[in-house]
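A, B, C and D are the chain letters, set down in written order, and residue numbers restart from 1 in every chain.
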Amino acid sequence: MLSHQLSADDLLRLYRSLQRIRRIEEEVARVYPSDKIKSPVHLSIGQEALSVGVIDALSQSDLVAGSYRSHAAYLAKGGSLKGMIAEMYGKATGSSGGKGGSMHLISPEANVMGASAVVATQIPNAVGAALTQKMKATKNVVVVFFGDGATEEGVFYESLNFAALHKLPILFVCENNGYAIHTPLEKRWATTRLIERVATYGIPAQAVVDGDIFKIRSLSAQMVDAMRRGEGPAFLELHTYRWREHVGPNEDFNAGYRSREAATPWMENDQVKVVGAMIDPSNKSLIDAEIEDEIAQALDFAENSPIPEPKELYAHVYAH
Amino acid sequence: MLSHQLSADDLLRLYRSLQRIRRIEEEVARVYPSDKIKSPVHLSIGQEALSVGVIDALSQSDLVAGSYRSHAAYLAKGGSLKGMIAEMYGKATGSSGGKGGSMHLISPEANVMGASAVVATQIPNAVGAALTQKMKATKNVVVVFFGDGATEEGVFYESLNFAALHKLPILFVCENNGYAIHTPLEKRWATTRLIERVATYGIPAQAVVDGDIFKIRSLSAQMVDAMRRGEGPAFLELHTYRWREHVGPNEDFNAGYRSREAATPWMENDQVKVVGAMIDPSNKSLIDAEIEDEIAQALDFAENSPIPEPKELYAHVYAH
Amino acid sequence: MFTPTNAQRVLRYVDALREGVEQEMERDPDVFVFGLDVDDHKEIQGSTHGLLKKFGSSRVFTTPLSEDAMTGVAIGAAMTGMRPIHVHIRNDFMMLAMNQLVNIAAKAHYMYGGKVKAPLVVRSMIGKSWGQGAQHSQALYSMFMHVPGLKVVTPSNAYDAKGCMIAAIRDDNPVIFVEHRLLYFTEAYVPEESYVVEFGRARVCAKGDDITVVGISNMVVESLRAQELLAEVGVYCEVIDPISLSPLDAETILASALRTRRLLVIDNAWTNCGASAEILARVMEAAGPGSNIQAKRIGFAPTTCPTSPWLEKDFYPSPSSIAQEIYAMVKGENAVSWTPDPERAKLAYQMQFRGPF
Amino acid sequence: MFTPTNAQRVLRYVDALREGVEQEMERDPDVFVFGLDVDDHKEIQGSTHGLLKKFGSSRVFTTPLSEDAMTGVAIGAAMTGMRPIHVHIRNDFMMLAMNQLVNIAAKAHYMYGGKVKAPLVVRSMIGKSWGQGAQHSQALYSMFMHVPGLKVVTPSNAYDAKGCMIAAIRDDNPVIFVEHRLLYFTEAYVPEESYVVEFGRARVCAKGDDITVVGISNMVVESLRAQELLAEVGVYCEVIDPISLSPLDAETILASALRTRRLLVIDNAWTNCGASAEILARVMEAAGPGSNIQAKRIGFAPTTCPTSPWLEKDFYPSPSSIAQEIYAMVKGENAVSWTPDPERAKLAYQMQFRGPF
């Protein structure tokens, strides 16, 4: 459904999720210089609408997999904020007990199946999760998020072929922010005909080039419905822009590899503001306040959580 | 050029190459039960026209890379027959001194850069050879032969992207015989839209579905010309049929995974016979006799060649 | 070969493998088998025989040639509740699966703080002879031994093949299951009922006081032949089969070596950073100075595997080369050297084998 | 650190690497550098600094994220006359390159009977700390040591970084060149002129009679600190840097261990089937019984690398843990244990280092 088809509640829900993720990552960036965060951070500031729009089309039992840049997906799907911050702080209460760091967020409760720091590795893992759904005949679908760079890894094509061959319920979502670290598409892609290529596997493939959360949400909803009907995988190429440096809390428009001008249209089309402007101001300030409060509590929680016991180093090498 | 555009000499040359390869492999199959051949053999009987047609469009200094099923390419490019048979016999005079066997034929003299038994590995290696041609500004092109199964390996797509990105002079030739060992395409490919997929890299891609050597030859010639003009890579999907078992000397139509009926149209369209029928019978018998003589000599040569010295085991682990 | 008292049925290694998988598939609907050509008429040399017919194509299916993604698929399926068995016709091809196995499978349980498990079995076959050569003959399991989070098992006989397979399938961790192709047609007593061979417990296959001989995979068979021949000339070997390499039962090996004061490890692999290096290092660390243990390794020649049989014969350890090495170690370098009867040093499983593949 | 008498210029490891590459690129037009991000403004932590400007984008260029194919491209280019240097920002990512390195690069010269060569350098960096964690901190070089046909080098200082780089580029074989990220800003005397550090020759970095300590990569630096601290309490270590792991100069290590009767190998890697296992095994085989050598290994904890610094600190060997281990080995287990001053056990290169990456 596009914006005019959404209810006021839908809009409130979308705004809350967008604003919450934006503010959480802004706070992470603010705290970062204090060295309380013991982990690299790959912020999704500017890219939130992709995770929020897609995941809003899912139900709780659907699965999501992502990468080191999937704080947004983790949070949108319902992953614990306290667990995430504590994990970044290296505390025992972190989502991985301090063993995974910011690049490997997981939440079995929210069906976030994990995140990987080796580009594209999560793609076949998510396909495997989709195979499980088919074998166990659940009605769940799996969504996997990855960057434009991940589409250069051979495993991406192997995964598309297998998912299409077995008509698996998986939605492939490429967050195309135009860069792999500092390297633009022009240096990595022979052409930009990605959705056309994916379509040759018999996979419905669509692009959203303007970051519009409503288009993203309605396309996702259509595709997820089709998947639940057993029609097999689908693919979304979502154009977006990374507002901060590849890794770390700062902007890097002075680094020379990209200009602030290129970012400006994206910043002016900030979906957090766009959706924020569509909801009742009093509701908005209520939500904003709740979010600030939740974040403050999460930072507190992480701050005051215990560090892991030394013996934890040796736990979980093997499952028993 | 199609058949009517070919000179009598062209036809004689094509026939000689086709008939020579066919007869060599038939002899290999005949000798096989004697256990003189110490190596698995993946015969290209029935597929000769692909290698012969493509390679006829090349010049001596162009490079060719292939797989375990590339006896035809090796021979068509001018690799030594004596070296090939001796290699299969495990003799010191083999193309690899008995260290490579039938799956790793190489001929620096004929610019056959090697063959690999790990499916698809030769593809990026050939792209690397094409990079060398570009860097050294030679006018040479590289041709890499691989099967339909190889297109399922991610490295194939990675290689296409890189070759197209750098406009490298390489012709990718997929010998699509419909099977990977005993597994048909239907169990491996989500769709058959291969050339369409390859085209999305900006790579000219064409298929020849009837095994016609003249179409193969003229398409190759056009593509090679374009490559020499610096227009970058090209792709050919050549349909064909394997007449013998995946590995070994025999037919296997009784194995149950494919029928002789499916093979019949291919056998009736045998390009060795087709081209043979286009040339003067007296020339034909002259060529046939020369071929038989050459093969007899090669078998003799291999038979009477010395076995490798024990110390050869330890040679060539490292280059000095 | 090990003979459990209650088992009177003789089975081939390949059939024992198959039976182990079949019994687990019957017991647990989450177990499935996939990999290139598991469902064709060759049935991975017979090791998947009948599984398709019995369990259908949804639980027994071939794949595209996509080892990297298929490994990732197996891991993802395992992380979400299935128990996949992924089959490779050659151990060499697992090099395409390294990223998923080393960076994901081995680490998932740990880096997610114990919140997920990856119960996965990866089967692969080691090739030998008939021109397998450089890329179809490798045994690269030490690479997996190097990485915490993976288990590695190399059963040497039909009894262990079944028991280890069942244990591997039930294990909640990724298990690298390595089978030597020449063992497929060797026979042993194999109980019909389901049983597990526990990992991390080595087996003493022959008792002796002169030297401790550790054989790995098919080298257990070749060591036992050497042991028989040596017994006739009064040299008594204790032959130990570690069965699983990770976990590794170093204690059993150490205890034996401390008694015999001689240790020879025979691997069907390269020795450099191999399983044989690890075994010597563990013994050296644990035995301490003054233990006076003479130790040696035999494995592949430090070369690529050649195809020519005249070169290949020196690439591999053999009952003869093993026996001669043991004889020299026991009798001392300057003892008159001794060579076993070449005919009796030949192994049936080697002679049966004939090409093409 | 090693100080050649004729060299008075101090250079950082990262600059020495760069200089070695630059000088070879000047000398030989066939040398080129490629890999993810070699040409961006971060310049692989500065190790490719200025190369793009000087040699242009045809000889210094980034690639798509396609490690498998890029490795194959490097090999193919090498087989046809070029001398590629392929760069990985992390050693962990080389798991994607295993198939091409193990099945093609290591074997091409041999399986083609010497008719081709693959002169290739594969650079990769080992990460540490600041949440690098499970997938960005591994040191998997023992996997490459296992495979004949590959060479492996792990320079520990700026002098060797340059000399080994030049030697690697000139080598006609595939060379796996492994750099520890924390070494990048350590300094040493580095001659301006071109020179090679020959592979297969270990260096004795410090002389001592009480124990032979072998350090690998950055563990040379940490061992030397331990050695300094121990000297003050009358424990004298002989510290050896193998420099290249394949070929490995076991003779130098053996000679020292036969003299000190104590051997401790410290690796920045897992010990199981690691370089440290190979070194112990070689010494045990060659020293023979009666050599009475006490041997031990220290490396990564046998776990995945955790991100939390409170867990990570016990994952790695440190000057303190090394010194204490040495002290216990020399003084005997039941000697009163000793701990070095924690402040002085800290290493500058560790303290300098700060995130994000």
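Methods note: contacts are C-beta pairs under 8 Å (C-beta built on N, C-alpha and C of every residue); 3 or more make two chains touch, one makes a residue touch a chain.
Remember, it's a predicted structure, so these values are computed and weren't measured experimentally.
Participant: Figure out the least number of contact steps between chain A and chain B, where 1 means they touch directly.
Facilitator: So the least number of steps between the two chains is 1.
Participant: Roughly how many whole angstrom separate the Cα centroids of chain A and chain C?
Facilitator: A distance of 42 Å separates the two centres.
Participant: Suppose each chain is reduced to the average of its Cα coordinates; what separation in Å results between chain B and chain C?
Facilitator: Roughly 36 Å, centre to centre.
Participant: How many angstrom between the C-alpha centroids of chain D and chain C?
Facilitator: Spacing between the chain centres: roughly 31 Å.
Participant: Got the chain A residues that touch at least 2 other chains?
Facilitator: As it turns out, chain A has residues touching two or more other chains at 94, 98-100, 104, 116, 118, 152-155, 158, 161-162, 165, 187-189, 317.
Participant: Which chain D residues reach two or more other chains?
Facilitator: Within chain D, the residues that touch at least two other chains are 63-64, 66, 68-69, 92-93, 96, 99, 103, 110-111, 133-135, 148-149, 302-304, 306.
Participant: For this assembly, give the contact graph shape among line, ring, star, complete and other.
Facilitator: Chain contacts: complete, every pair touches.
Participant: What residues of chain C sit close enough to touch chain A in their complex?
Facilitator: 32, 58, 63-64, 66, 68-82, 84, 99-100, 103-104, 108-117, 119, 148-149, 151, 172-173
Participant: Of all residues in chain B, which touch chain A in the complex?
Facilitator: Interface residues on the chain B side: 152-158, 160-162, 164-165, 187-191, 193-194, 196-197, 200-203.
Participant: Mind listing the chain D positions that touch chain A in their complex?
Facilitator: Where chain D meets chain A, its residues are 36-37, 40-42, 61-69, 92-93, 96, 130-136, 301-304, 306-311, 314-315, 354-357.
Participant: Quick check: in the complex, which residue numbers of chain D touch chain C?
Facilitator: Listed in rising order, the residues are 68, 92-93, 95-96, 98-99, 102-103, 106-107, 110-111, 133-135, 138, 140, 142-143, 145-149, 246, 261, 270-278, 280-281, 283-285, 288-290, 292-297, 302-304, 306.
Participant: Sort out for me which residues of chain B touch chain D in the complex.
Facilitator: The contact residues of chain B facing chain D are 63, 65, 94-100, 104, 106, 108, 113-114, 116, 118, 121, 123-133, 135-136, 154-155, 158-159, 161-162, 165, 315-320.
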